[in-house]
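Same chain, two partners: chain A is paired with chain B first, then with chain C.
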Partner chain A sequence: MDTYYLMQVINGLSVGMIYALIAIGFTLIFGVLNVVNFAHGEMYTLGAFAGLVCINAFGSPLAIVILVALAGGAIAGIGLERIAFKPFRRFQDEASLKSRAMREATLLSSLAVSIIIKELIQHFFGAEMQTIPGQYLLNNPIPVGPLSLSSGQFLILGSSILMLGGLQYVLYHTRTGLSIRAISNNPLGAKYVGLSVDKTIIATFAVGSMLGGAAGIMVGLYYGAIFPSMGFAPSIKAFVAMVMGGLSSIPGAVICALILGVCEALATNYLTQGWSDMVAYSFLIITLIFFPQGIFGARRERV
Partner chain B sequence: MTDTNMKAHPMRAKLLTAAILLLVLAVVPAALSAIGKSYYMQVANSALIFCILAASMNLITGTAGLLCLGHAAFFGIGAYTAALLASNYGLPFLVTLPLSGLAAGLAGAMVALPTMRLISIYFAVATLGVGEIIHVTLLNWVSVTRGPMGVQIFEPITIFGYKFTSLLSIYYVTAVLACISIYLIWRMTNSYFGNALRSVREDDQCAEAMGINVIKLKIQAFAASTFFAGIAGAIMAHSVGYISPDSFQFSESILILAMVVVGGLGSLPGGILGALLLIMLPEAARGLGDMRMVAVGVVMFLSILLLPKGILGEVSAIQMARRQFNAAWNGRQSVGWK
Partner chain C sequence: MNMKKVLVAAVTLAAMLMASVAQADKVIKLGYTLPLTGSHAQYGELFRNSAKMQLEEFNKSGKLKGATVEIQFEDSKSDPKEAINIARKFVDDEQIVGVLGDFTSTVSMACGRVYAMEGMPQLSQTASHPDFTKVGKYQFRNITTQAFEGPFVAKWAKSLDFSKFAIIAIQNDWGISAAENFAEAIKGLGGEVTGIEYFNPGNRDFRSILTKVVREKPQAIYLCMMYEEGAMVLQQRHQLGIDVPVFGTSSLYSPKLLELAGDAANGMYLSTTFMPDSPEEHVVHFVTEYEKRYNSAPSMFAAQAYDAVGIMLDAVAKVGPEVTRDSLRDALAATKDYPGVTGSTTFDPETREPVKGLARMQVVNGAYKLVK
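And then the complex of A and B:
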């Protein structure tokens, strides 16, 4: 393969990993609550801004910045759950959990909260792009054989693989993970065997938003630009990946996010920057028309 | 029931209609002229355009129960069709208006054909994707749409040789067209067609079993709704004179959705009230400055939380108005639930 194409594939993989981290949050929350969290893109933005505040105010080392972004994402996720989701979970019976009105009310409330968060960030930080100080920027070239990768790509690929591994450990080897899986499988059954639905939902939001926040700060450090509406485009792409993956399958979402990232990176050879957004949306429409339940999904009953 | 009442009391129905028309066509512009600021005339103009948009979105999201997250894109198709036809070929307003409605309606039908099998969130996601595709196209197809620079219309609105140049006359054109559009949508939602759509919203399998062609009905509703969104776009393009892709983004779709939700899903008066409220609110709260979208978000959130049925929910708007108000209006004694 041509070196240039190999470079593009690696660029695509690192962008795809960002989509994957956001998509996992979507998928986890959809699995547990059966609703789409439209404010998830704002968790990404909040993570990035938490990191930025940490850089500008304290000049702390990189590891601390990422930890702060993780914590910021987790706190934002818990707050979001409290404000936009908890008030709409007053009715816990199966009919309400499946009812269209309940689901759409939650969807709309998360949309409303996402508008509020975005506009508040814009109010306090301004609409223009915030620049990252030079010493934090992660675009030093690192030669690997004939390729020239940047340190940001190493960080993104490395830490997202680490986080995916950590997530897998949490989901399959801890009690919290067990209850997340139980509730996403059968909420009422899980409740009857004594699992705390509320605590599990809070844990899910914390974990999902943590990954989103980490993705936000990593993109900020790699591209050097943080702005209030930065969450929209990646979260739509992540959303596409989640729908392609079948809404409730984490491996499906990750694979589709990587496919999406690579396809977009390769498409920039043939299309200009603006048009490359079309790739994801076309994928979305094609998937919905031909595989209405996603490519890797089809196990969950559609209600 | 409304039909029979209107037939039984043609005078009163006519009086009510006349009162509303008088309010929109005479009292509001007179009051705005009395304030003496042309700026408020533009606000009133855009409020009326958003009334058409909210009413049209109410047809699919409220009455048919299909959550549409890309409504602004069809608004944009209408606006761009009108603007491009007017600026490139110099076509008059009376030609571009129906053409842009047809273009948006055709686009809506094209979108609806494959996506109508999708339900709830899948349909919402598909319309979101379509909306973004249309926005990206408007932004990047520079040779046709002039990209981010937008399109300008220099010719004023001309109807039968009369040029509408002043803000007041443009307001009149918008008001008349808005009244006609909203009346047509109102007739549609209160006909057999609208009731069939409500049955599809409540239980599509049951409606199908009763012999309703659900897919066809949804496609018709979507095409009709996007037709009126296109009409609104054409009015906006001609009355403002300049359009750019910024006006047709996801955030505008959310604004229209917020209007419908705040007013009450499925209730046409509610949608119009929501549109007026959410356009006037930022003007009333000008002190907030750049916090105006925060206010929109807060109003939307609180209305979902505290008024799940909206300000004028469908039940209160249709049944309460029909039962209580009509009974009193017709001079019958039995005011109450039947």
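And then the complex of A and C:
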């Protein structure tokens, strides 16, 4: 086989990994709240900008920058929950929890917060792409035989595996994880057995947005492109991956994100890149028609 | 009674004639529609600065005997409706013989219809849409379209022995015309195009495109895009370890590109119309004078307007004090080798498109350097 296709698969995997990083946080929050968090792309942007400020102000080493982005994402997530989600959970009775209106309200409030965050960043930093000091760029070529990989690809791959593993550990081996899963399975039941729904939701937002923020800074340094609207395009793809994966299955979202990335990269061979968004949208349509529960979903009843 | 009336008329006429003789010079007026408020105000400001400077220099130079020129600035807010109202106002003012502006192609074309209908020559400093000069035979512009830039870079590349090109272009009107004009030119010179890859505006990942284009082993890659995407392509090209040389359109000329792409930009070839640090005498004069007056370095846009006004004034001077709209149009169409700060300009008398001298530039050690 031509190394060309192998190279395209690698390009695709590295793009897919980025979608996956975002999709993990997306899926986690959807799983618990059963609503799409439209501001997730902005958590990614905020993480990137938090890291950038840390680079420009202190010149900290990369590990610290990523930690700052993680913290920035977590704080932003908690704030987001407070502003856009909590006000709509005032009523905890069964009718309100099942009400569509409540869910749609949070959908719109998260969209509003996402617009406000984007505009604020643009106000303070300007709409242009930010300049990143050269030594921080995760762009060093690493030749492997005839292939050319880069330091960023290894970092993104490594941290995705780490995050996914860590998340699975938290979900299946800790009390917080247990309550997250309980609430995601049956919020009313969880509430009746005495779990604190509010605390768990806040924890979910903190964890999901933390992962989003870390993704933001890593992708920002990998592409060398940090700008206010950077979250939009990848979060659409992450959303498609989440739907394909069955809405609340984290491994499903990751696998679908990778499939999406590889298919987009290979499609470049047959279509111009201008058409590659079509790949994502046709996957979305095919999934909705043939697998309404998602490819890896269909295991639980929705609230 | 009758005699008296005639006498009064004659006396009045004589008085008027005397007055106009006493008033040493005739005044010729030009209009300038430009955005002075609104979202493009920063550009309009530059145009007005340059126009004032050029006009003052012209009136002092004495190139036009027996008349002085004035420019009436009107704020179009970069809004086609405003520009059309201004156009009607200019057309109705019989003293105005020619119009400069507007800034964007959209606005220039909207008000251009009025000027074309009423026979008013219009010269835009920046409207680069291919259809602008097709609005009517009164439209001129002082900016190269891709129909000139593509062949220019193609010839240059050919002289450096690059003839097998891959093209990466942004998928919009401008990008498509840039890619096609270059492809045609390079084929015309006996070269070869291995493929044209278009990408969506907003795309930031060029790895799969780059991997695909180098598969055909081109000798060089031609980039038709804005500097932000250009910086991404250059970086990802470096990361993929591709060492195929890169040529680009003049839109890649921005200090921000060097900041974003860093070392990965080194070696890129591109064409340019304006280089502030060019050693040519008139460019040095423009840059120092502009800095002295307005406390800021002139950008490419300021230079474009400086030359547009210069070309217009030159045409007025050629016709002389008795200039009319039609004679000014013909004089503009006959513009040949106008020595501007954005290179020498000649209008094709038929298409009214500018044939401009472009300069060659290469990024060396993280800075744009003119290539002799």
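Going forward, the second predicted complex is superposed on the first by the 299 of 303 C-alpha atoms of A that agree within 3 Å, B and C clash if a C-alpha of one lies under 4 Å from a C-alpha of the other, contacts with A are read in each partner's own complex, and residues count from 1 in each chain.
By definition in this document, contacts are C-beta pairs under 8 Å (C-beta built on N, C-alpha and C of every residue); 3 or more make two chains touch, one makes a residue touch a chain.
Computed from a predicted structure; not experimentally measured.
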Contacts of A:Val240 with chain B and chain C, given as first, second, both or neither: first
If you stack the two complexes on chain A, which partner ends up touching A:His173: first (chain B), second (chain C), both, or neither? neither
First (chain B), second (chain C), both or neither: which does A:Ala225 touch? second
After lining up the shared chain so the two structures overlap, which partner does A:Leu111 touch, if you call chain B first and chain C second: first, second, both or neither? first
Examine A:Met278 and indicate which partner it touches, taking first as chain B and second as chain C; both and neither are also allowed. first
Can you give me the overlap between the chain B contact set and the chain C contact set on chain A? 272, 274, 277
Under the definition above, what is the set of chain A residues touching chain B in their complex? 36, 84, 87-88, 100-101, 103-105, 107-109, 111-116, 118-120, 122-123, 232, 236, 239-240, 243, 272, 274-275, 277-278, 281-282, 284-285, 288-289, 292, 302
Give every residue of chain C touching chain A within the complex, in rising order. 171, 197-200, 202-205, 207-209, 211-212, 215, 228, 231-232, 235-236, 238-242, 256, 259-264
Complex contact set, residues of chain A against chain C: 4, 7-8, 11-12, 14-15, 128-129, 131-132, 134, 137, 139-141, 143, 148, 150, 152, 223-225, 230, 233, 264-265, 268-269, 272-274, 276-277
As the complex stands, chain B meets chain A at residues 65, 67, 114-115, 117-122, 124-126, 128-130, 132-133, 136-137, 139-140, 250-251, 254, 257-258, 261, 290-291, 293-294, 296-298, 300-301, 304-305, 308
